[in-house]
Amino acid sequence: MRLHEYQAKQVFADAGIPTPDSRLASTVEEVMDAVDEIGYPAAIKAQVHVGGRGKAGGIEIATSEAEAREAAESILGMDLKGYTVDKVLVEAGVDFENELYVGITMDRGEGEPVAMVSTEGGVDIESVAEETPEKIAREHIDPAFGLHPYQARKVVFEAGIPKDVAMDVASILTTLYDLYESKDASEVEINPVMITGDREVVAADAVMNIDEDALFRQPELAEMEDEAAGDELEAKANEYGFDYVRLSGNVGIIGNGAGLVMTTLDLVDYYGGAPANFLDIGGGAKAERVANALEMVFADENVDSVVFNIFGGITRGDEVAKGINEALAQFDEIPKPVVVRLAGTNAAEGMEILNEDLVQVESTLEDAVQRAVKNAEEVTQ
Amino acid sequence: MSIFVDDDTRVVVQGITGGEGKFHTEQMLEYGTNVVAGAVPGKGGQEVAGVPVYDTVDEAVDAEDADASVVFVPPAFAGDAVFEALDTDLDLVVAITEGIPTQDMAKVNKRLSEVDTRLLGPNCPGIITPGEAKLGILPGNIFEAGNVGLVSRSGTLTYQVVSNLTERGIGQTTAIGIGGDPIIGTSFVDALEAFEADTDTDAVVMCGEIGGEDEEQAAKFIAEHMDTPVAGFIAGRTAPPGKRMGHAGAIVSGSGTGTAESKIGALNDAGVPVGDTPNEVADHIEDFL
Amino acid sequence: MRLHEYQAKQVFADAGIPTPDSRLASTVEEVMDAVDEIGYPAAIKAQVHVGGRGKAGGIEIATSEAEAREAAESILGMDLKGYTVDKVLVEAGVDFENELYVGITMDRGEGEPVAMVSTEGGVDIESVAEETPEKIAREHIDPAFGLHPYQARKVVFEAGIPKDVAMDVASILTTLYDLYESKDASEVEINPVMITGDREVVAADAVMNIDEDALFRQPELAEMEDEAAGDELEAKANEYGFDYVRLSGNVGIIGNGAGLVMTTLDLVDYYGGAPANFLDIGGGAKAERVANALEMVFADENVDSVVFNIFGGITRGDEVAKGINEALAQFDEIPKPVVVRLAGTNAAEGMEILNEDLVQVESTLEDAVQRAVKNAEEVTQ
Amino acid sequence: MSIFVDDDTRVVVQGITGGEGKFHTEQMLEYGTNVVAGAVPGKGGQEVAGVPVYDTVDEAVDAEDADASVVFVPPAFAGDAVFEALDTDLDLVVAITEGIPTQDMAKVNKRLSEVDTRLLGPNCPGIITPGEAKLGILPGNIFEAGNVGLVSRSGTLTYQVVSNLTERGIGQTTAIGIGGDPIIGTSFVDALEAFEADTDTDAVVMCGEIGGEDEEQAAKFIAEHMDTPVAGFIAGRTAPPGKRMGHAGAIVSGSGTGTAESKIGALNDAGVPVGDTPNEVADHIEDFL
């Protein structure tokens, strides 16, 4: 779960990290009130989960009332890479001399968090990592002990942060790690940390991603979850507890288990089709979950054909088949052709139970996918 | 022969009184697994499916001379349960639980470096040595004893590949689901190393997926240390960069490594044929034998 | 630093450990108001740092107003092993079925904290440890990870705590460890944890000792330090920053370094004298510290003779000698004979500087101690 | 020969810019110690007594090829400073600082078990190999090179005993103050083991005090593993039970162990004569040589 900039900044500020004066605004008038209080220059920043907001026109600097109004009018309500902007952060402009990068994330390979510091802040840190990795100093963190103060200093000095602000940056890093740990973050990042003309350090941006699996013990952060964020179908999947990703093809895919569903996508592609989505309904296949999944995929106007691939495992195939029958019985007419393939325990019994008036049944994964691809081709022809 | 588990493995089930724990204990017993004890705090003295329950893993291990555990504890408490198991000198701990907070696992991972116990998982289907023992939730009936080892990051994909093998009469020495989480105990390399050392394993299937660099490391290990032939499969070729697909592991970072191309390339360079479909993987294995 | 029972109980209660309803009282009327609110039976407990309060008459149970008044009158103002009682805790009596012991302390040998649980609560746990050590279950705690919940359960089950309250006791233990760590305790203990007829667990006593060296980061606890507690001279030593222990003999001892001062005490005893105190003035020997130390030892009416033993180490002997001269110059008359022995760097120069009108100078430890013992004998003859 | 430090030891001083750090750096240099660097965050690039200062221990060690450090950092930050030193692959870290919170030291102690570095202290006077190197605050002038090893929990008591030896012309191979805190790095046993292995050490003085069980363990070690003769001294015979006397260690718990009687008894049982006065310890050593 990714916090919005304004939410992450609040979390950082509450922990004592210096941030610019700012207000959240949802209307042009609120923006104008905010700049009135904050003064000029002010940054007006779209609060949507989109990378490269600045380049896409989601961040403007206003140096006058006229500019502020113009920026507010252009940003509020705009479509930013598919997301509608309904909130902006109005923030005091910072007069800076340097821009630094600090961040903490989990290093999967090592199985421990890693702190990263660079003097190359204010730009896309991934490019820095690829092109000039030596410009990012890294320090691994023993999760049992946490980030020792000396480690924060070490990585800051190694990165070549100017001496007069080095201890301040180290202190920000220590605070960031405390937040990373206490808030169950998967990533915390400030890019850039600005060094002002007075040699103060200020967090000019704020990224905080929370481990979804730990939200149960982070009730305050869970409340910040933006339900309206993102694609409508993805929001619905979230509600149903599905792992769902919408793609651009026309073959709808439902299955159980991430690896198997991914493989089904790959096979659709392999046999010349184009996947419309990834949808993992998880363990078991109760009628209600099956119905919800079908409803979602049918609701996607891009979908022309559906393949339903379940490897029963412990769950018996006959139970799954009953679930599918029940789910399909809810539709007066099946809107799009559905190919079902059942495998695993009691798969044969399951396939007999399936109502072939409603679905097409195939016994191998390859056959099922090929048939679904063919169904999709027939629709588009 | 087999790796990690066999006839002699004596198993404690942590969380045996829960719905999942109870169901799969019955399944494991039915398969012939030596489930000798359960461990659930406060439930000591009860019995589940004829298996005695103890309050702590320590007690269970002492009383029943167990050497492995399977963890069916809910995610909020599973990190602690794995710690408990690691601190009890077991040989193997299999963590089935999905959704353990990553930072809990980072701490488990640290302890893991201090003990001799092997951890499998979390968020994995478990391990099975067909005809001898299964620890976890794998459907026993699709497996058959034989001479092919299998290691996979995914559950149902494993079943798919196993079915393709079994259908052709190709049995398995041991099949292992290592789990799809960002931080796991046993890696591809660990499993491959064990298969290489197992004289009964004549070929190995390795099912990877996008995200991370474990497959790349496995490819390096195969090239440098393995004589046993390996066939591979990589799920997620069509996954768009930056999207999370189910497993936390299945994210393509977009930075060159972790993509299906990178993994397939690395495996091919290591002399490992990678199937385009699960069935093709079985073709490659058939060629090896 | 040891908290009073009422202070420790407040800390425990704030952390969620169940404690009986209680009020602090300093006068008989306050006690009567408190029992009015709390009801009977009520325990009236002297708040002084003395072991075995109960046996010494510092704890009474009142079942009526008359008994409460009588108890309040007898306890408030009483002398308990040298400490005057000026506060009592008035606490609801608990109807209990079992008394347990739980505690956490540092195991020096292992260098890690250890949690201890026993069903033998309510009695002197040291005797249990000596006579039936198997009745105390122990679990060592890795300080990097803290007390894992499973460890708390394990030690509780091992101790044989009744199953119906085991998880509650484990939860108290987990909370205790959090306090132990977050408050820099050197010891936390509840003896007894009472199990009531309703099978509730209640902390009927509370011990919390704080690491003196960590008080700088525990400002709230540092404020609880009871300045009036204990011996007047010991309080003064605390003010001066000396390590001081008052003993029962008549040879006052001042020195630098715990080991050397202890050795000086041992030698006083060895040569037939009796030490009046242990006083370590620590590193260096600035005139003011020397003067304060002398003033303290002179103020002890038991002291008949003083030996001042300084091994200069890095500090030069001539500097120390000047300090002693300055310090002694403040007294019109030296009230008790002082033997000084200087050793280490520039000791010879130091001994020349010393004003032999004011002090007796000896060059070896043995000679200095023997002379001081002789001085004391002369006074008492 | 000597133990732990000698002519070749290259020393970093942590906290070199502080009052204590600066003073004792000058003293150490004057004694001939190879002080090659200082480490103080933010003070990198400065010089103290001609010694270059670095921002981190890591930098200092890399730049000056150091193998030991001495910590003069104030107690609130000393635990972190010791961690920093331990994570830099030094051979020896000497922590002079008094008053480090015990729980900080418990964490340091845990890390200590994971690394190969030796920690001496904290709350100790340091270590000296007369004529070669001193790391710490010991007054160099009272020591003399020779063939007697000395290990002590206390500072000024060490000086006292050393004076008694030196006055008689008995010199020292190495003298070590292990510190009086509840949790310390190097123990009596560690030091005794090293002295036993040192061919130039012909006798050892061990100065203990009441509290803890280190002296009892040392006695056991001496009985079982030492040929080199040892003479002992125990401070605190007259200490009343339950009273804390200066060192956190110097508390008699009243439970049988930790008392002067227990320690003297254990040493005597191990064949170690224990002096009633520091001078008597020197008598015993003289008898050995």
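We call the chains A, B, C and D, going by the order they appear; numbering starts again at 1 in every chain.
Here, a contact is a pair of C-beta atoms (placed from the backbone, for glycine too) under 8 Å apart; a residue touches a chain by one contact, two chains touch by 3 or more.
If you want to know which protein each chain is, UniProt gives these names: A, C = Succinate--CoA ligase [ADP-forming] subunit beta; B, D = Succinate--CoA ligase [ADP-forming] subunit alpha.
What you see is a predicted model, and the numbers here were worked out from it, not measured in a lab.
**Student:** What chains, if any, are shared contacts of chain C and chain D?
**Tutor:** Touches both chain C and chain D: A.
**Student:** Look at the interfaces A-B and A-D and say which one is made up of more C-beta pairs in contact.
**Tutor:** A-B
**Student:** Measuring centre to centre, with centres taken as mean CA positions, what chain is farthest from chain D?
**Tutor:** Chain A.
**Student:** Please tell me the distance, in whole Å, between the geometric centres of chain A and chain B computed from their C-alpha atoms.
**Tutor:** Using C-alpha averages as centres, the distance is 28 Å.
**Student:** Could you give the separation in Å between the centres of chain B and chain D, each centre being the mean of its C-alpha atoms?
**Tutor:** 50
**Student:** If you average the Cα atoms of chain B and of chain C to get two centres, how far apart are those centres in Å?
**Tutor:** Roughly 55 Å separates the two chain centres.
**Student:** Which residue numbers or ranges of chain C touch two or more of the other chains?
**Tutor:** In chain C, residues 142, 144-145 touch at least two other chains, as defined above.
**Student:** Identify all positions of chain D at which a residue touches two or more other chains, and write them in rising order.
**Tutor:** Those would be 107, 111.
**Student:** Classify the chain contact graph as line, ring, star, complete or other.
**Tutor:** If you draw each chain as a dot and join those that touch, the picture is no line, ring, star or complete graph.
**Student:** Touching pairs of chains, all of them, please.
**Tutor:** Pairs of chains that touch one another: A-B, A-C, A-D, B-C, C-D.
**Student:** Mind pulling up the chain C residues that touch chain D in the complex?
**Tutor:** Residues in contact with chain D: 106, 108-109, 111-113, 126, 129-130, 142-144, 181, 184, 186, 211, 213-214, 216-217, 243, 245, 247, 255-263, 265-270, 275, 278, 280, 311-314, 343-345, 364-366.
**Student:** Applying the document's contact rule, which stretches of chain D touch chain A when the two form their complex?
**Tutor:** Touch list, chain D to chain A: 41-42, 44, 55-59, 77, 80-81, 83-84, 87, 107, 111.
**Student:** Sort out for me which residues of chain C touch chain B in the complex.
**Tutor:** For chain C paired with chain B, touching residues are 145, 148-151, 153-154, 157-158, 163, 166-167, 170.
**Student:** Help me check something: in the complex, which residues belonging to chain A touch chain C?
**Tutor:** Of all residues in chain A, those touching chain C are 142, 144-145.
**Student:** Would you tell me which residues of chain B are touching chain A in their complex?
**Tutor:** Residues in contact with chain A: 23-24, 27, 75-76, 99-107, 109-111, 125, 137-139, 141-142, 152-160, 163, 180, 182-183, 207, 209-210, 212-213, 233, 235-240, 243-247, 249-250, 254-256, 276-279.
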